[in-house]
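Below you'll find the structures, each written out as structure tokens.
Consider the two complexes below, in which subunit A is the common component and subunit B and subunit C are the respective partners.
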Partner chain A sequence: MTDAGATPGFFAQVMTIVRRDLLRERRSGEVLWVTLPFGAIALLLVPLAIGTDAPTLQRIGPGMFWVIVMLFGVLIAIRQTSAETQAQRDMVALTGLDPAAIFVGRSTASFLLLVVFQTVLGAVTIVLYNVTPTGWAVLPVVLLLAASGLALLGTLAASIVSTGRSATALVPLLVAPLSVPLLLGATQALEAIRLGRSSLVWVLLMATVGLLLAVAGILSARPLQETA
Partner chain B sequence: MSGSTTLVDLEKVSVRAGAVRILEDVSLTVHPGDAVGVFGANGAGKTTLLRLIATLQPPAGGRCSVFGADMYAADRFDIRRRIGYIGHTPGLYPELTLLENLAFVADAHGLPESEARRALELVGLSGAADRRTDHSSHGMQRRTEFARVLMTGPDLLLLDEPHSALDADAVDLVDELVHRTVERGGAAVLVSHDRDRVNSLATRTHEIKDGTLL
Partner chain C sequence: MTSTQHRTTVWPWIVMAVAGLHTFVASMTVSPDVVQGQLSRIMYVHVPAAWLAYLAFGVTMFASAMYLWKKDFRWDRRALASAEIGVLFTALAIGLGMIWAKPTWGVWWTWDARLTLTSIMFFVYLGYLALRRTTDNLDVRAARSAIFGVLAVVQVPLVHFSVIWWRTLHQPPTLLNPEGPAMDTAMVITLLIAVASFTVIYVAMMFKRIELARLEDEVLVADQTSSGPVAGQAVTAPGLTKGS
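And now, the complex of A and B:
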């Protein structure tokens, strides 16, 4: 019938993966209709557990937001990429798509979903905890860095999971320490803004972690695909 | 077709899973125009042999090249687009439609979506293009896989039990796929239990027993 067309460039390959992952999410609704409501419920449970003491809720609100975003955020990224069957992985491998482009594409799709996830949970936090957001110039940067860091971390973790059953045990060991700087950076950046201090060092910490995860994911993409 | 005149060259290749021997001292050469049938019982190593040729299964020893690319070297990744592999289980995404599954592969190969539609038409599924894969029968999913291979036009066709769970029309599709590939200068390797069907297609056949190709 038709000979295969010209090999698409790196960016086109990335977009192929992004379109596929977002389409799969649109159909399954896993993030928007399952994980997101769970995250919102988790935020709701805390006021129910500790009572409706307004100053306490206002104080812990941002911290609770970040804890829920980190926990569920990594789950979103892992779920997005680890649910493939061997037959699906074989099919993707034989399309000849660059494994690095696959990693970047999956991370990008997870990033976009995480931005939606954070936005909705942020609104829930503002309502339930009566939190007044501050630092409107830095807040979007922190949110985007957290989303990109989590997306990269989750995608890398999922690539390791797909290499075998025993690798699943390694994921918490990888995710826990690497999500700490992201959590620390996000909470401390916003705390610094609240106190009128510079948040630059925390923003740089998050950016550095994200960059390291991106490099690690891209460099390990091919060997991880081969052992999957 | 471009590249080496020997499409597949295996010499004393072995594959192991831990301590278990799956393939041992397998030697096989496939040239353009070949349609090679491989028969064997369950667990004989048929699927592993196909996955090895598809570059999806790393060898443990021996000399092994596909389209002239050494299977131990990085250039084995560059030839994957030239391989059409249909395994036991359909490699489709259940939540996507049949067309969307094909469109993804078309996109990855730099082909327009219209090629995906055409391919579905060729396998008689144009009326089911917008049906979700998990709402489609196994036979329809197999046809979609055939459509994928028709669309990408591989130089090397690898089929694992291609005639199983197919109606008569779909069985003819398998035959057509093999003929098309061979006629355009490619080659096909089919592993199967169905000797009669494969014998009618193959230019030569082999038996595989306990991981050894006879």
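And now, the complex of A and C:
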């Protein structure tokens, strides 16, 4: 039997935020019915613009996949910026939840949505561009690291500009340049595998970026909430 | 206006003019490069501009960290001033590099690690400046931009070491080369003079921009605290005098 008034632990707080964000996504369907089809359309438009030469498309397919994931993935990571009102943010702050737990919870929810986003777009890329995936041992690790890095970066940027003017327009400007190490790591790791080289250094780069973002997000969560 | 205020306003302009003239004379009197000819003179502005960008973004990071620690708005203004100057000199370094690249490499732009990462650094700090415009609340603005200012500095070592970590078309570090400068002594001395003059220009620009930022903050606070007209103030009581 637990004390009804006791503060839940850190992990329980994280899970509460994850459940809330995923429930909101289930109700709104923003990622599934808006961002995901938008990304698929972008993959469809590229061959129409540059030509439908099969070998060219096969060569640029993986790169296009990562560019679309990075640019459209930002929209997934920042969706709470446009969805949440100031009153809702104040309400969450008043619940006494640990700001770091809120950050981790939001990042985790974004991570899960980004994994779904990547998986579906990956399948679309394979079909449209006739790409043959290589490196089945490393590919899932790269996908997971890219999703976690982008989720952490987007959540951190969204926290920084959450209440400002033109916040939804600004976050992509902050996130896109800072996501370059993730884009480089993901593309170069898979390129290294294709050429039969070790991809460890690129995987480590992505892991390090993710770790740094997690530390920065957790440390800045309280100061950011206090100035909201 | 007091004499002290007058000196504070004018001396940075004099310093900037003297240091700029100094760089111009030094870079125009040194002999041209054997291979590149007169084109090599671009280096005396391009390299100091790139150095100033590093310095400026480093100062932004330091001032941002100091703001987070001390909560003193003077550090916030220093971070802003340095970031703005850094963006200006990054743009100058990129622009001059492109002017040099067209006759040398045959293209304005090439997908080289140094060039690409420098342009990304430029956009990161443009984002920093855009972030500062999202709110008029001084506390919120200072805290959020300070956190971003600390994070953004990771771009600086990436840009600097890109020519070592990747095989690039861009030449390796000119002055900070581990094996010593690979240039004629007269050119190295001229380059050092240019770097020193640009650093002086940076300091003078910092004073001017910090002064301006302080005035901007004062105007912002005055606007927020001034009592505007009260609702209904324009409505006057009807004349109820006898016989009206």
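Methods note: the second predicted complex is superposed on the first by the 212 of 228 C-alpha atoms of A that agree within 3 Å, B and C clash if a C-alpha of one lies under 4 Å from a C-alpha of the other, contacts with A are read in each partner's own complex, and residues count from 1 in each chain.
Simple rule for what comes next: a contact is a pair of C-beta atoms (placed from the backbone, for glycine too) under 8 Å apart; a residue touches a chain by one contact, two chains touch by 3 or more.
Source: prediction; values computed, not measured.
*Asks:* Touch check for A:A49: first (subunit B), second (subunit C), both, or neither?
*Replies:* In the superposition, A:A49 contacts neither subunit B nor subunit C.
*Asks:* Could you say whether A:L195 touches subunit B, subunit C, both of them, or neither, answering first, second, both or neither?
*Replies:* A:L195 sits against neither subunit B nor subunit C.
*Asks:* Touching A:A137 in the superposition: subunit B (first), subunit C (second), both, neither?
*Replies:* Touch partners of A:A137: none, neither subunit B nor subunit C.
*Asks:* Using the touch criterion from the header, give the chain among subunit B and subunit C with more contacted residues in subunit A.
*Replies:* When the residues of subunit A touched by each partner are counted, B comes out ahead.
*Asks:* Same subunit A residues contacting subunit B and subunit C, which ones?
*Replies:* 226
*Asks:* Show which residues of subunit A lie in contact with subunit C when the two form their complex.
*Replies:* Result: residues 156, 160-161, 163-167, 170, 173-174, 176-178, 180-181, 212, 216, 220, 223-224, 226-228 of subunit A touch subunit C.
*Asks:* Where on subunit C does subunit A make contact in their complex?
*Replies:* Residue positions touching the partner: 68, 117, 120-121, 123-124, 126-127, 130-131, 133-135, 139-140, 143-144, 147-148, 151-152, 154-155, 158.
*Asks:* For subunit A, which residues are in contact with subunit B within the complex?
*Replies:* 1-8, 12-13, 16, 19-20, 23-24, 27-28, 85-97, 222, 226
*Asks:* Could you list, by residue number, the parts of subunit B that touch subunit A in their complex?
*Replies:* For this pair, the touching residues of subunit B are 51, 54, 56, 58, 77-78, 80-85, 87-93, 95-96, 100, 104-105, 107-111, 115, 118-119, 122, 132, 148, 150-154, 180.
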